[in-house]
Structures are given as C-alpha cells and as structure tokens.
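Quick one: this structure, given as structure tokens, is what I'll be asking you about.
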Amino acid sequence: MRLRGAFWKEVMASLAKARGGLRGRRRPAPDEDIRDVCRTLLRTRGEASVVALARRALDAFGRLDAAGRRAFFEFLARDLGPEPAALESAIDGYHAAPGPETVTALARAADPPRRELLGLFNTSPNGMSDLLAMREALLDLLPAHPELKPLDDDFLYLLRAWFNRGFLELRRIDWRTPALVLEKIVTYEAVHEILDWEDLQRRLGADRRCFGFFHPSLPDEPLIFVEVALCKGLAGSVQDLIFGAVEPDPEADTAVFYSISNCQRGLVGISFGNFLIKQVVYELAAEMPGLRTFATLSPIPGFRKWLSAAMRENRLADEGDLGDIEDPGWPADHGPAEDAEPRLLRLCARYLLHAKRGRLPLDPVARFHLRNGARLERINWMGDPSPPGLQQSAGMMVNYVYDEADVVANHEAFVNEGRIVHARAVGELAGKPGDKRPARRRSRRKARLPRVPATLPAPAVSGAPARR
Amino acid sequence: MRLRGAFWKEVMASLAKARGGLRGRRRPAPDEDIRDVCRTLLRTRGEASVVALARRALDAFGRLDAAGRRAFFEFLARDLGPEPAALESAIDGYHAAPGPETVTALARAADPPRRELLGLFNTSPNGMSDLLAMREALLDLLPAHPELKPLDDDFLYLLRAWFNRGFLELRRIDWRTPALVLEKIVTYEAVHEILDWEDLQRRLGADRRCFGFFHPSLPDEPLIFVEVALCKGLAGSVQDLIFGAVEPDPEADTAVFYSISNCQRGLVGISFGNFLIKQVVYELAAEMPGLRTFATLSPIPGFRKWLSAAMRENRLADEGDLGDIEDPGWPADHGPAEDAEPRLLRLCARYLLHAKRGRLPLDPVARFHLRNGARLERINWMGDPSPPGLQQSAGMMVNYVYDEADVVANHEAFVNEGRIVHARAVGELAGKPGDKRPARRRSRRKARLPRVPATLPAPAVSGAPARR
Amino acid sequence: MRLRGAFWKEVMASLAKARGGLRGRRRPAPDEDIRDVCRTLLRTRGEASVVALARRALDAFGRLDAAGRRAFFEFLARDLGPEPAALESAIDGYHAAPGPETVTALARAADPPRRELLGLFNTSPNGMSDLLAMREALLDLLPAHPELKPLDDDFLYLLRAWFNRGFLELRRIDWRTPALVLEKIVTYEAVHEILDWEDLQRRLGADRRCFGFFHPSLPDEPLIFVEVALCKGLAGSVQDLIFGAVEPDPEADTAVFYSISNCQRGLVGISFGNFLIKQVVYELAAEMPGLRTFATLSPIPGFRKWLSAAMRENRLADEGDLGDIEDPGWPADHGPAEDAEPRLLRLCARYLLHAKRGRLPLDPVARFHLRNGARLERINWMGDPSPPGLQQSAGMMVNYVYDEADVVANHEAFVNEGRIVHARAVGELAGKPGDKRPARRRSRRKARLPRVPATLPAPAVSGAPARR
Amino acid sequence: MRLRGAFWKEVMASLAKARGGLRGRRRPAPDEDIRDVCRTLLRTRGEASVVALARRALDAFGRLDAAGRRAFFEFLARDLGPEPAALESAIDGYHAAPGPETVTALARAADPPRRELLGLFNTSPNGMSDLLAMREALLDLLPAHPELKPLDDDFLYLLRAWFNRGFLELRRIDWRTPALVLEKIVTYEAVHEILDWEDLQRRLGADRRCFGFFHPSLPDEPLIFVEVALCKGLAGSVQDLIFGAVEPDPEADTAVFYSISNCQRGLVGISFGNFLIKQVVYELAAEMPGLRTFATLSPIPGFRKWLSAAMRENRLADEGDLGDIEDPGWPADHGPAEDAEPRLLRLCARYLLHAKRGRLPLDPVARFHLRNGARLERINWMGDPSPPGLQQSAGMMVNYVYDEADVVANHEAFVNEGRIVHARAVGELAGKPGDKRPARRRSRRKARLPRVPATLPAPAVSGAPARR
C-alpha cells in the first residue's frame, strides 16, 4: 500500500498552527519574502519541517510576477553562491598541500548553497514538478540575462543526477493507459500533430507501439515518447503511417520509429532519446521475433534552409533552375519543372553526407541518429508533403536504420572519425563531391520502389571530406 | 505496463556480440581491468552503451578481493580527482575576475570525475544496489584508510541527491506484504530481534502498524522502518508490546513507536528517521482520529556506560552503594539492595537531562528524538529487563512524546539553546543539579502508575546547565 | 502475477494438432456444424478440452447468419431440453414417494442440458462476452419467436447466478481510468449524451463523481454507471450540471445523481441500479462527511405520453387550453399561453402521484426510485429544455431524495401498500385528487426558489387512491 | 480504483439504525431466529437491503451450535423445497401439453427456493467464504444424515456455476506473493508437508514453480495449487526434490509436478486439477522452451491396502514370502528378504494396470491422471521412503507423463475403452496377467537407471482385462 496524501495535506496546516501558536500569526503570508523562506530553509536542512518550508517557498515562487522571478533568480545566482572567504581559504589550503583532501575541501567550498536549496525544494510534495517549471522560467530569461547561466548550470547538475538513466522507467502507452497520460501525449507530440482522440486511437492501434520514459517523481508525465509503426518493409511516407490502417500485418518485419517527442522543457539539456530508441528496439525484438529491421522515418529539418543559403550564395549554379524556392509550397508548387525528383534527391543526399558543422553533419536530426549509431539508409521523395514537411524538408523524409550488430561500431566511427555510415544507394545519389553527373537513373529506380526489401544491402561508408 | 527485464538481459549479449564481431573476441573477460572499463565509461558518457559498460564495471568490482577493492578505491580517490592544471587555471580565472561565472567554472573544475563515474554506474540495472554494496566495502576500509574519505564524501554527495526526501515512498508493511520484503524486516530489525515468523506475525497484528520508506531504485528493500503499537495509555514495558496480544483495543488512544531500524548500511550518514516518524504520525492520525498521543518507547543506550565511568571516576560517591555494576545482570542481580528503583530512576533522569556532549545530550537516542522536537516524557523502571536491555539501559526505557503542536518549538529550543523539554515528573526525579535529596517519593508514585493518562500534563523545561 | 494469455492461445493449436494427428485433418472447419460441437461438449464436460471445444462452438456461432442463429437457438430450445422419458420417470418417482430426494431428482430431470452447455461456453476465454452477445441475438428474435422464451429463461437463470451482487466490484471512474473504459462510458451514456472528450472530461471533473459496477469476467466493461454532481443545494437544471463549472465547491452539501446508464444489453432483466445507488451513497458519505443530501435529477419519461392520451380521452377538460401538445417543442413553443408553469407542474405532480399501473406508478423512473426507497422531493420547471427533455418530460425534471434514515421504511411502504412518500410541496402541487383548485401560488413560490435548503422538510405521505 | 470497504461496514450500521428508528429496537439480536431472517430475505430479493439481511443470516449461522446447524439445514432441506401444490400443477400442465414452455415451467416449479436463498447469501460481503464454511458443516453431517443430500446437491449446483472455469485465475506463487497467501500454502499442502518457512522458501526457489487457481470472491485463498520442480531428466525420488538444491539447472528439460493440493473442503465435488495441470503445462512451455517432458511424481495411495487384502484372501500365494506386511515400516523393515525390489515393482505394476473398480483403475491417483490423458511412465523404487510413503505406497512413486500430442487420444481411450496407456517397461514389469515369470532383470535394469532420457520411448498400450 502506498501512502502519501494525508501527510502532505496536514503538514502545512500543522506547521502553520504550530508556529502560529508559538509566535503569534505566522501563517504563510502571500507577501512573505521568498528569500527569507529560502534562508530559513538552508538553516533548517535535515529537519522534517523543511518539507513544509519548501512548499512555502515554491508557493511563493508561483505567486511572483516576471520581475519577481528575475529578482529571485538573481538572488540565487548572486547571493547563494559560494562564500568568498571560505573559498579563498580552501584555495590557500589546496595550494599549501595539494591532495585529495584539500581538493575535496576546495570542491566543497566551491559548491554553491543554491544547489542545496534546490535539493530542499525537491523534498516538497510535487517539488520536482515545480522545480521544472522554475527552470522553464529561468530558460525564458537566459537569452537576455546571461549572468543567470551559472544558476542554470546548477539546475542542470542536479537534474542530471535526479534523472539518471537508472531512475527512468519504460512504459508502454496504449489504449489501456489512463486518459490523464494520453492527454499529455496529444499535447506533447512535437513532430506530427495529433488532431483528436480518433487520431490518437489510430496511433495506438494494433499495428503500432508507443513507449515512453517516466520518472518516479512525475508519475503521470512522460519525459519522452516514441511512436512506432509495424510494417512490411521500410515505410517511406509518413502520411501513410499517420492516416493508415490499424490492422496488424502478420508479416510485419519492420518497426518504423516515426515520431520522437521530448515532453519536459524544464529538462532541456538532458538527453533521453538515444536510450529510449535502444531500449524500445530490444523490447520490440523480444515481443516480436519476426521483426528484422528497426528504422526511423525522420524529417530533414535543415535541408531547405541550407538550400536557400546555398542558392543565395550562388553555390548551386550547376544545378540549374530549381524553381521558386522561397514559395512556401515549393517544390510541389514551383519546383524545378522536370527532373525535380532526381535533382532534389541528389541535393538532399549531398546535404546529409557533406554539409557539416565542424566535423559533424549540419542537420540536427542526422547528427542525433548518426551519433546514436544508426545508418543513413534511404531518402524518400515526398515522404511528407504536408506544409511543415515542405517547409523544412522540401517534402522528403529519411530512414535511419538501427542495426543491432553495427550500432556500436557506427557510433564510434562517427564520433571518432566523423564517418557517416550510409547505404550504397545514398552514396550514389550524392555522387562524389564535385562530381557533376547526376545519379539520375539509380535514384529514379529507387524512387520507383516505394519499399526496400527487409534484408538490407551492406552499407557503404563515406568518410568526412576533411579526413581525406 | 512496466517493462524492464528484456532490455537489460539483451543489452549485455548484444554488446558483447557487436564488439566481438567488429574486433574479434571482446567478451567481458573476468580479468578485464576495472580501471580500463571505468576510463572507457567516462569517455562514453551519454551513449546508450554506458548501460552495458557500467554493468561490466560493477561485475568486475564484484569479482575483486579485498586488496583489489582497496586498489580500486585508491584509483578512484587519487586518479579520478579533478585535473590539477584545469583546476589551477580555474583558480587563476576566479582570482582574475571573481564573479558567478568564474566561481561556477571553478566549482566545475573542482568537481571530481569520479562523481560522474558513480553516476554512470547508476545507469546500470541494479546499479544502485551495487553502489550501496560498494560504499559498504568502502566504509569497512575507511577507519584504516582515512585517505579514502574524499571518495566517501563523493558517495555521500550523490546518495544525498538520489535519496532526497522527494523520492522516498512511505509504504505500510503488513501481512499482505510480499514475503520477499518481510524477510528483510526480520533481517534488519535492529532494536528488538524478531525471532521467527510467528513473532513477525504478532508485530504485524491488528493492534500494530509498521511503515517503511522505500526508494524507486530498490523496490523490495526498505530503507528504514518503524514498528508501532496501538495502546490504551502510554506503554512502559517493551516486553508487553513484543509478546502481547494482537487484538485491537477499540479504546486505543496512544501510538507507541517501539522500534526504528535503519536497513541500508550503504546509506550511513543520510538520516530518514525524523521524516519517517513525522509522516507516520500524520498517517496514523488520519487513519485513527481516536489517537491522541504519539510517543516512543526507547532504550537509553549510553546510560550504563556513563554510570560505570562516573563510578570509576568517583563522581557518584553520594549515591551510596549501587551494587556490582559490572555484573552483566545488574541491577536485577546485584543492584543496590534497597531503593534501587528510585535511586536509579534519579540517576537516569540526571543522565538524560544533564550529561552532555558539547551542548547536546550525551545519549544518542535522546539526542535524536529531542532534536526532532519530542518531549522527554517518562522513565520506565524495568521497561526492558532483557539481557541487552540490562546491558545498555539498566533495564529502563524512556518515552519521548511527539506532540504536533509543540514539535517545531521544541526542536528550535533544542538546537538553538540546548533546552530539553521534559515532563515535570522527570525534572523532579532528577532534582536540581547538585541537589542530593532523592526525589524518591515522587518517583515511587510514578513507578506505581504503569500508565499515564492520555491527556498529558504540561511539560516543564530544563535549560542546559552550561547556559545558566 | 496473473497469467492467462499463453494457455488460451496454445490450447487451440494443440487441440487441433492432437486431434489431427489421431484422426486425420480435424482442424476446426469453418463449416463445422455448431450442433455437433455442442453435443461433443456436453459429452466431454469436466475435461480440460472443453475449453477449446467451447471456443470452437462460440467461433462457429460468430460465423452464423441470421437464419443460422435462429436455427441454432431452436436447436437449443427444442433438442437440448430435458429428456422426456427421464422426466416422466422422475415424475413417477415423486408421485410414488413425495419427499426431498424425489423432488430433487425431479428438479434434476427437469434441468435442461442447454443450461450446462451455456456453462461450458463460459469456460472459454472471453466466453462471457460471447455469451452476452449470444443473448443479445436471442433478444432480437424473441418478439417474433416466443417459443424461444424458455431458452431465454435459461440464459437469465445462469446470468443471475454469475452476476450475483457478490461478484460485482464498484470502481470509481475518473481521468485516471484507462481510455479503453472511458470510451465505453461515452458509448453507453444513455440519458444525457456525451458529445466528445471535452464533455467527458467535464463530467469527470473535480466537482463530479462517476462510479460503475464491473464484473471479473468483463474487466474493461462497465455493467452500469452513475454520474454524480456535488453541489451546494439541490440542483434542478440538468443543463447547468452538464455544461457547468468543474471547480469543486468547498461548501457542497448535496450529491446529485443526474445520469444512470445500463451498459450491457445482454444483461437485460438483471437489475443493478438499486445496489449501485446505495453503495455510491455510502462511498460518497465516507469520502465527504459534509454531504447531507443524496438526490437524483431524473426525467419523467412517461409524462407527455400520458398527457396526450389523457387529452385525447378528454380527461383534462378542466385544465383549459394546454396549447398544441403534439408540437415537438411544446410547451416551450406552443404551450398554454399563461400560467404554463403552475398548470403543468400541477399536472405533473398528479401524474407522478396518481397515475398508476396496477398499484404502482405509471412512470418507470418514478417506479424505480420509489421502489428503491427514495422520496419524491421536487418537480423542476424547465429542468431539461433539450429536445429529448421536451419530448418526454415536457422539459421538467424530478428530484428523488435517498435519505439513509428512511429508505427502508419508504421501500416497504411502497411495495407493501403502494404508498408514495413525497415532499409536502409536491402533494400541495397535486392538490387532492379531484380537487380542482390550482395549487398555483405555492408552486409559484416553489418555482421561484431554484434550490431548496439542504436541510429538507419532513416528507408528507400520499397513499395510493386504491387504498382509501 | 477499487472500492469496497466503506459500503459494507456502513450498510450494517445504517440498516440497524434505520429500522431501529422506525420500529423501536431492531438491532440484529444474537437470539434472532435465522429462519425468520431467511424468510425475510426471500421476500426481499432484489432490494439493496438483501446485502445487510444476508449478513445477518450468515452471522446468525456462525453463532449456531452443532444442534442449531443441523436444525437449520433440516429447515432448508424440508421447508425451503419446491411448493408441492405449484409443482403438482406444473406437472399437470406439462402432461396436458408437453413442450418447451411447460417443461420450463415444471423446471421452475421444481427449483427449490433454498437455491435462491444461497444466492442471496452470496450478495453479502465475504458471503462466499461463509457459504463454503456452511457447506463444510453440512458435509460433516452428511454421512449421518443422508436426508440432507438434496440440500448438498443445491450447494453443488450453485458452486459449480460460481466456480465455472471461466472465473478462475491462474497465479504464480513465489517469494513475492503476500505472506497472507503463502501462509495458506503451508496450511493446505496435503501431499508432502511443509515444515517451516525455510522449507517453503526452498519450494519456491529458482528451480521450482508453484501455481494456483484463485477466484475473485476469495482473493487471498488458493483453490488448488501445484508444486513443480525443473529437472534434468525425470525425477524418481520426492525426497531429492523436497530437500534438494534451489539452483536452477540451465539444462533442465523436465517439469516434475510433485504435489497437487486442493485447498477448499467446501468445494469438494468440483474438480480443478485437470484444468490446473494443463494450463500450467502451457505456461511453463511458453516460459521455458527448453522443457520437453511434463510429468508427475505421484504416490500410489491404494497399493498397500490392496496388497494386504490380496494376501489375506490368499491371492498372492505364488509371490512367496513378502515379509511382515502389517509392519508400519514394511518393506524397508520386514520386507521380502531378497529380490524385494523386482517382486514389489512387479506387484505394483500389476496393481496399477489390472486392479480395477468397474472398468477403471482401483488406485485413485492413477484414475485421476489417466483420465486426464497422462501416460503411466515409470515406477520408482523407494521414491518416497518417508513413513506416509511406506504406509500407503510401500515407498514407491509413479511418474505419469503429460504429452501434449497424445493427451486427448489417451483420455478418450481411457474413458471410452478403459485403456491404460503406459510405457513398455511398465507392461513388461507387470508381465502378462497370469504370467508367473518375474520380469526381474528388466526391472533391475530400470531400477539402476535413476533417470530416463528426456526423449521418452513410444508408449505401449494395455487394454483392461475385462475387455478381452
């Protein structure tokens, strides 16, 4: 039997009463200064009354307006940092006798009291939820107030400890899931909007799977979730998946991860996606031994922006007329009159293989999956002709394949050498860098085959140009 | 639906296979150097493969012998501390421009990589359980190896974050609890040994309550638990409670906390008892509105030792012959021939009220409950005449009362001023410090009353002598 | 751990294989005669293979068309009745020596084998669900085929045993309930249609309660559910409840049961409503001690039909012009020009108190609540001006109050003497039977008071006219 | 959320109060005549108050002494049978126009009201548990009071409906099971006594499985459970299993069902064992694909009794001196001096294959497993040399093998033709009926082989002698 509620409700009342009885009226006043409460909290650490004090502080934060929040964050950043004298003395101690003890003493002196305060906030009922909301407010201020960055570092430090992979729980989300959680799936779906409950029901149908990571402190809040379709062969069109049938295909051999959404803005900077994909691959493989391929169907969010910039900079002169690329409906509306498909596929392949930020791919989704050890498998013409799909990816979508046997090697090749493991066809599409001959016929043939066989060809490997 | 098992089993196999396939035989060898695995782990942070690497490191630790464990801890303490050059540079940066940014940079440079390593261990299945075992091994070494103290500080730092009050879950433990957990209650009961399952069943009977704190990472392991008896009036004899009836008394008005046991040696230094008592008080008050008094029945573990020392040092010359205090059965066997009860009650009251360590009581149990805000209510003659009871507490036991209305004030008086709030009768028992007249008759009367009325008299307050 | 799935999936395959191995191809053929399977089932009773045979029979039933179903029901009704020779012999035995043994033997001989067959169907996975669907099909045929009534009696006999109150489980339905179940609440709501998920969410809000009975064999299927609103004072308008606020009123003192829906047509003839209302009253009283009144807000489904008939038969000549009562929007559209409210309230009160079927009220909803021991409390003018509300109840609604202290006495007065316990104001509205003076002013006053005080006046009692 | 408690507690109080308020003191008096309560119950059927009335009746039954119980049962058997006049009239109606309607009317008239009363008892909280206790009391009286048999038939009729296979739930029982349930496993183990919790823990170890059937009305009460050991090869000695290791053998290929215990005496006459064994076979096969053989290790409870009788009747003159068969320790103590093993194995094989009751085996355990479709596989010399083992089975034990592919055919051969499917070696042991040559050498060889290979030889088939 799990017990929680009674205590939390009462603790407030009792505390108010107890203190009131002792010193006259001390009921947590709406205009109580949150800074005073925080200072009391830090003095009280370790006592059961911190629970109630933490609640008071968080409630007080909730009542602050924008200016009050900024002032509070500045108080944390400035006034609740390490004690300068103690820090100086620890530095002296370290210099006098460098060693584990003195360095530990130095670390302790440099550890800001605001970290402990954030930990005390967490003792309160719903404390974690309020802490994430507090960090969201901080993130809003950060661009204009870089001096608050050290405070955000402390948030991140603690959240990393509290959201350690060891505390996360994978749960399947389906039509048996409480409405309370499903409602949040609808809200948080970031990639392909869920229109209504019918749409949601289709995405949780018998031919689908949905999994999320949950944390014990936020039992009804997914941290991240992934939507998977079980198909025969690799799916290339996300519209087919979203509006398609819900009858399970007994010959399904491919799991297509077509949407991954992070849910908690307050956890920005902590990555769960890689862990989630890998664990879901294993869960699905255990449930359905017939599955042979695990792949994504992903957008190419940076492609069109890159293309615009390249055109503006006249770097695509050889590509001929690409149509009115600034038209929102491009390329469907005013794209290149003929050969649109092979020409854009070729450009997309070049973008994915050769456009870099430092040593790594420019495209953020490519960077994510390739770093995870996936293989760039296929570019799908008109995989997402929706307005956002045209807007970002010129309507194309990419499959990244997670192949259990290669994922560690792929990852290491990528992070150590910048190598992008990709299917031969993608390499041929791109041609050699600088090679002007269009890889037209091959891409055509590819484009005509809507689905690749489940047994995938051996991947080719393209080194990063810088390495050659 | 909660999913866990499949992933964890497979991740090991797959990793072994994947790496083996790439580079020949890389199956985690029994003689693999744990330090190499740890270094790889720190390089790999953030990748899904850390889960498997962490498992390998923990398994390797499990295979180490005593010397190997010591060497590993020394490696952590010495080699995985902050980078000296980076630290020096951060110190310079701070000195050059003291401010939140540079102090944060300094804190980061002083943060030892071994902390991150411990966090990575926790990503592994059962990682927390292995981490606690690792700390137990470290605690064993600490007395002889004080140079490992900085490492233990890092353990404690992380464990405090991970076992934040906000993550603990209170659960009732009763005859519906899985045998797996009950078995641990039997094992961990530290105060009054549980002899067998019949004894356990009596302690979980209808006139009892048992509650424990649990943590999501250790779902079948209580961290701490408390045993409570529901009585009519304040109980003074623990034997009556342990071997007494299991029929609930409909007129029960008192909850007696007669045993609190910490379960995880690996969590030494993190205190849960205060939170547990307070929350259980609230749960019980909510369940049974008829309860008016919440009190402990506690040993006085330091009394007899203090008495022996005082006698050796001739500080009790005025007390007359106390019998053969070194006899294990004393005072039952060779105690003071007459007036044993009033004389020892008086000495015990003096011990509790006036024997100090610094400003606080010498007795550790008294220190714990008084710090929590309890009131020293009654000393019970022969409350525990068992051999351990005689050995430590000369057979006496103490009731500390947790009175919701006063607990905050009592706590503050205690920590700020060293004041011990106590019932008038206890103060009279002790007499004024230095007053030689025995408080005989009063204590007699007390001793004849086995139970105090549920409506307790207003407490007297005794200041610490040092303050006067 | 609950285990179910594996067995059921395998049992089919194994049985098919085992039998196939013995006697050639015996895979359950789509054209297998369901009657043969049933005969085999009856021979096989008690063996583990009945589970698979039952599944085959139910699957075969699912493939039948309308004619096949009728033929199958006729087979059950005619061919699986008691054995005439054995029955005759049991009658002879009883006549020879009347007594418990011979009467038991007679009962056994008269017990039709089809009952046992239905019991064997239930051994199959999802058997209960299929049995309920089978009875639905039977109910469809019954009006045109009264010769199947004996078969329906057997269904009812077994379903009464299986859905014994002792097997039902009350569950609260709220926003934490799985979508699977909520979806059925939307489907089954029979009184006030739920438009969409937003509407549902409002009905499960913090100022509402919803409870249903569930059965272990149909874990995701409510049998019946009730929707309750927590109000300050007695609610008279169902539109206010349906579209009203979802903030809980801390001063709520009244629970208004505004919708009760049966969900399983296959259980027609088994009544759960009375049990549900009583149990929900107790659950709510335990949860919220502030609740003082438990009442319904109910339609008067027979009122307008009775009124039409009475007008056609010229029994309401004294009532003056009531407007165009056949107009669907009556009385809102073409009702009596003046004094509509008091005149119709009076007629409604008369209908409820004096229109009878035998000794009991003609109105089915009145009959249900009064039989349960409720008191007829108040008639609410324009309590439901929706089209169905106008259509059935001329827009009015009734509150029936369940008063714990009187419910048994009210019930007994009703079933034994036909007495309708009602509030004095309702009796005054109706006037004495035959009394022509309109109770106008009083009803006016009533109608102006939208809410009655929570402390209700002592009820008046109106005997059934037949008794006088 | 499941809700139950509040209602049931309150319903009693409220009923008492309500009635008391109406008619003076009507609190359920200890001396209230249970027969009056039952008559009221039958009048009240369908109303919510039956719940409270049923409770009163069951409580009144609990207070009856032996004479009172007998009187109550006689009241049920004699006074709550079918109404003679109505029955006679239904017989006349049937004779006048035999057909489904009149036969149904006859069945209804013959259906005794006490059945309905038992159903009403079941509406009460814990009603099922009390009903089973009531039937236990009835079973105690039955031998001396055969006139109560018709009443027991009604119990059985209803219990069969309520404990229909469709309502049973298979649960795994292990060290995570609540102590409340485990305690009952210890109590109910009927075959090989569980000495203490350590013994229990061994039986729930990693090399074991335990499964039970549960019913929704008795959530903490197993109806029947089976204990299984996972072995390499067929186990012949139950002592090895009971006191053996708890390390799982990764090469385990055989599941040995070594104990099956019925738990509810009140359910005597309703068989769960066959269903349980079959379902557990499927669950184990699904969990551990490496399992190839599913077999029992069973006692031969009728063997020694049969042997004694045969010796007394001089039917074993040819067998030579068998020692002092009346000695409790026989054959270990005073058995046949030489060749004990082959001679007794031969006699046991003959007993199992040829000793009959009607067409079926005399031995009840043999009858049970052979009827279920098992194969008589092996007789194990000194499989259970414990005192009860010697007492009943002369220390021998039998393996019956459940082979998925043959179980239906075996069952049909057994029930239709009385054929006992058995391993060739058992047939050879027995020799032909009347054949005096001892099957000595073969049995020797068998006895020396402690384990048969997992791939079992094709079974021989022995017809029942009577059939030839």
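Structural remarks
For clarity, chains are labelled A, B, C and D in written order, and residue numbers in each chain start from 1.
What we mean here is this: a contact is a pair of C-beta atoms (placed from the backbone, for glycine too) under 8 Å apart; a residue touches a chain by one contact, two chains touch by 3 or more.
The model shown is predicted, which means the values in this text are computed figures rather than measured ones.
Note: centroid distance subunit B to subunit D, computed from Cα atoms, is 50 Å.
Work out the mean CA point of subunit C and of subunit D, and you get 40 Å between them.
Multi-chain contact residues of subunit A, defined as those touching 2 or more other chains: 176. Chain-to-chain contact here is organised cyclically: the chains close a single ring, every chain touching exactly two others. Across the assembly, chains come into contact as A-B, A-C, B-D, C-D. Contact residues on subunit B toward subunit D in their complex (touch as defined above): 175-180, 182-183, 196-197, 201, 220. Residues of subunit B that touch subunit A in their complex: 1-4, 6-7, 10-11, 14-15, 17-19, 21-22, 46-51, 77-78, 81-82, 84, 87, 91, 94, 98, 100-101, 103-104, 106-108, 110-112, 119, 122-124, 127-128, 147, 149-151, 153-154, 158, 160-162, 164-167, 169-172, 174, 176, 211, 216-217, 271, 274-275, 277-279, 282-283, 285-287, 372, 404-409, 411.
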